[in-house]
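Below is one structure; the comments refer to it alone.
Chain naming follows the written order as A, B, C, D, E, F, G, H, I and J, and within any one chain the residues start at number 1.
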């Protein structure tokens, strides 16, 4: 099994910092493990943010999501963790992460965590 | 016939109480009985909430919904009862229950009950 | 031809009057007659309301809609009439009736009448 | 209450009898009465046919459907009756009637009757 | 808890036995129990058939489905059982039962059993 | 070619002037000509308004739309013209016209003009 | 009012006559007049064909459809007429015209005419 | 990282071997690795089969899919491998595997492998 | 290869400057090149604006989008550049550009840039 | 402007030549130029084939589509050309190319070319 990428997120300078515009990353390919059973969980992750000085580099975002592949992660905690990591890397005006997790026990779970600067 | 689970809801500590984030449970598998006729009713239940110190544990939520299987319950009352029970168990900042009941007499009924703390 | 039901609406006591929650009746089976031509009209009726002390009883609502079957009724007038009758019967905090009428002369007509208490 | 139109169907000469082409009438506005309870039933009727010498005139088709408004009619019987009447009026190469009846007792019923000449 | 209805299916004489027409019952309200865990299962049941001398009476079909509410039933077996019971009751030219079972273990299961006479 | 109807809009007295309710006319059948090329343009027109003392009569609205059939009209101008004409005829509390024009040069154009009284 | 284009259809040599491949023209912009009332009719026209030696030139097809703008045409007749004209112009292996006409009298009409060579 | 389950598929005796009925497993949760880059691939797997003497046990099917999580697998090869393994385990009358793989290089790939007995 | 059009945008005088109405250009045909790899990128561009004195001429907008065909452009930068260019050309009350870029690395990116006058 | 890739298609050995299975490439990112006007055309290309000894390598397929970016190509001809090139490269049992071209002159064009071996 390959070694997974680290959680290091790359950024690049916002090409239009004077304007408060929005960027959406829509990523249907996310998987981690259930911390209780070790079984795979799957989710569709969406990140919507208003950058300040830094934008998230797309390829490093893909690798960041990939880094969860062999980690145990509860739905509520992992969605907040992604939110925290993206905020730490880019210090945006606004950032929202939605984790839409596939059905378990007949129930679909969707967690939405939002950060506003200041 | 098996004995049904009790209405006891389990919780776990909110992993990110400092952030007001939202959790949605989307549960298409709900059934109870019509109090007038004893016939089965079916509904799609959605719970959307902002946790404070406690989160609803997913498996106990599934069992909680299951506990209504042999109970008589009017649409308006049961949706409010679910709202009350979830609020009592978790004392959330916000909680909304939607019960989308299948067609009876040519009419579909959707009941939406909302709770805000304080 | 059977005699139609009267327009008498039944109510029952709101099981949770302390909470301002919403009820939707979604009724795709409505027909009346065009007052000009006597020809049948069809509509999809939706009622969305916040009850105060009284809730609309579902079966009587079905009969109420049925009572229009042989009456002449303009789109704008009948939607408002349904709104008035439901308000008179239940004195709700809020009530909205939407009448979505099938295409006549190449045009679909949707009438939405809203009542707020006080 | 107005007197209903008769079940007389009008036809016109097929403008292209040498070609076996298909005509679909898609009619979402149909209502009759339940023979057991006298309550209204609603259906979406579709007629698909290959005319021989005669085509169904659209306005008389509308009046024909309207003529069922105050009649008691079981789902299976009325769909076959419409098929029989249209076949009797036009003697087509092929004719199919679909009656898609709204939910009763939690069940939607769709009846499809097909006629082929000779 | 109410006693469940028996599995007795009512029929009525086919109003048009000379024509091989099709009837679809589309029933989204079905629940039984998992024989291994005792937990509820849910399914959307569809029955499509060509009657010979007997048609399935709609209300008894509703009660028949209801009779499974407290029984343990595997997906594959119960779909075939419904097929067998409907065939035994009506001896149709053709009958197909589809059981579309809600997600378990990340997998949705759909079973389709078909019977042809002679 | 037939002479087109005039742009004269008929009205009738609002049956419920005491209530601020909304009426939607949804008209997918609109065509005019491109003023530059003389070629046909097609659009889906929607009118949403809150009547004051007068309502728009449906048949005259149909004829009004028809009156544009042989006129040259730019997308932006004709949508505003329809808005102006309907306001002039009915003096409503609120009126909004949306013209959704079919693709030209790989681009679909949607114009939305809104009027508020006073 | 501009003079309409003639019904002259242009063709070009089939670039791959050795292969029986299919071409679909999907044209939502068609209007003609009702021969009885003179009022506009609208339809969505689709042409699906397998060319032999000649293909239909796209721009001339657009002009051909436009040529019906001021002509009276019954639904059944005009769909067959388009089929005949396209067959006459290109002598294809196969050609099918579908005219999907907007609702009149509560009924949508779809006419499908098919031609096969030899 | 947990050790993955083996590829051992469990079966159970077909409850109705006398009837040729169909079973569909619809599994949106599949992931493996690209053999060239080691990066994750995702797919939606569907299995449709007609059992002979043995049916696929649902839980073991879930574990079987999970066993690919850390394996390198080309789209075309892995879909055929799943087909081969399911055929070897159950010797069905018919079996079809569809692997619907997420976009890579702007292209979505869907592979469908079918097996028929004898 | 043809020389591309310049980025010169044409305008015409707003036909109704006294009203703050909205215009939407919905353009699914946009392509540019990835500045890192030189490979083609594709996007669906939407422009929504409230004109002041000038409107964007449709044909020049089409040519403007076309001018990016052989240019390297990052998602975030090009969406803001289109916004800047349209604002410079028309000085509108409000303008919003949405660039919905096709999947790269398993992630779809949507950038939305908004300008408000004064 | 970058030099475009050549039309060279790579293949790899079919991993399961004994089975006649199907592969679908679904590619929404295709653009070429109109030979008459030099303006860009856009299409959604789908390739469905049953490989014999060789499969199409995904990355080279992407580059192959890209190679049309600056070429003039009629809808009918280019779809057949893609079919011919893929057949020449892989000699499949079956291959079908569908080119779904965006609206021009109010008409969407879909060309479908099919090849069967022997």
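In this text, a contact is a pair of C-beta atoms (placed from the backbone, for glycine too) under 8 Å apart; a residue touches a chain by one contact, two chains touch by 3 or more.
Nothing here was measured: the structure is a model prediction, and the numbers come from that model.
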B-D or G-J, whichever has more C-beta pairs in contact: G-J
Where chain A and chain B are represented by their mean Cα positions, the distance between them in whole Å: 28
Inter-chain centre distance, chain C versus chain H - centres from mean C-alpha coordinates, in Å: 51
Interchain centroid distance [CA atoms averaged], chain H/chain I, Å: 45
Numbers and ranges of chain A residues touching at least 2 other chains: 28-29, 42, 102, 104, 106
Chains touching one another, given as label pairs in label order: A-B, A-E, A-H, A-I, B-C, B-D, B-E, C-D, C-F, C-G, D-E, D-G, E-H, F-G, F-I, F-J, G-J, H-I, H-J, I-J
Residues of chain F defined as touching chain I within the complex: 74-77, 79-80, 83, 104-115
Residue numbers on chain H that touch chain A, as the complex places them: 1-2, 28-29, 31, 33, 38-40, 42, 66, 69-70, 102
Chain I to chain H touching residues, read off their complex: 42, 102-104, 106
List of chain H residues in touch with chain E within their complex: 14-16, 19-29, 51, 55, 58-59, 61-62
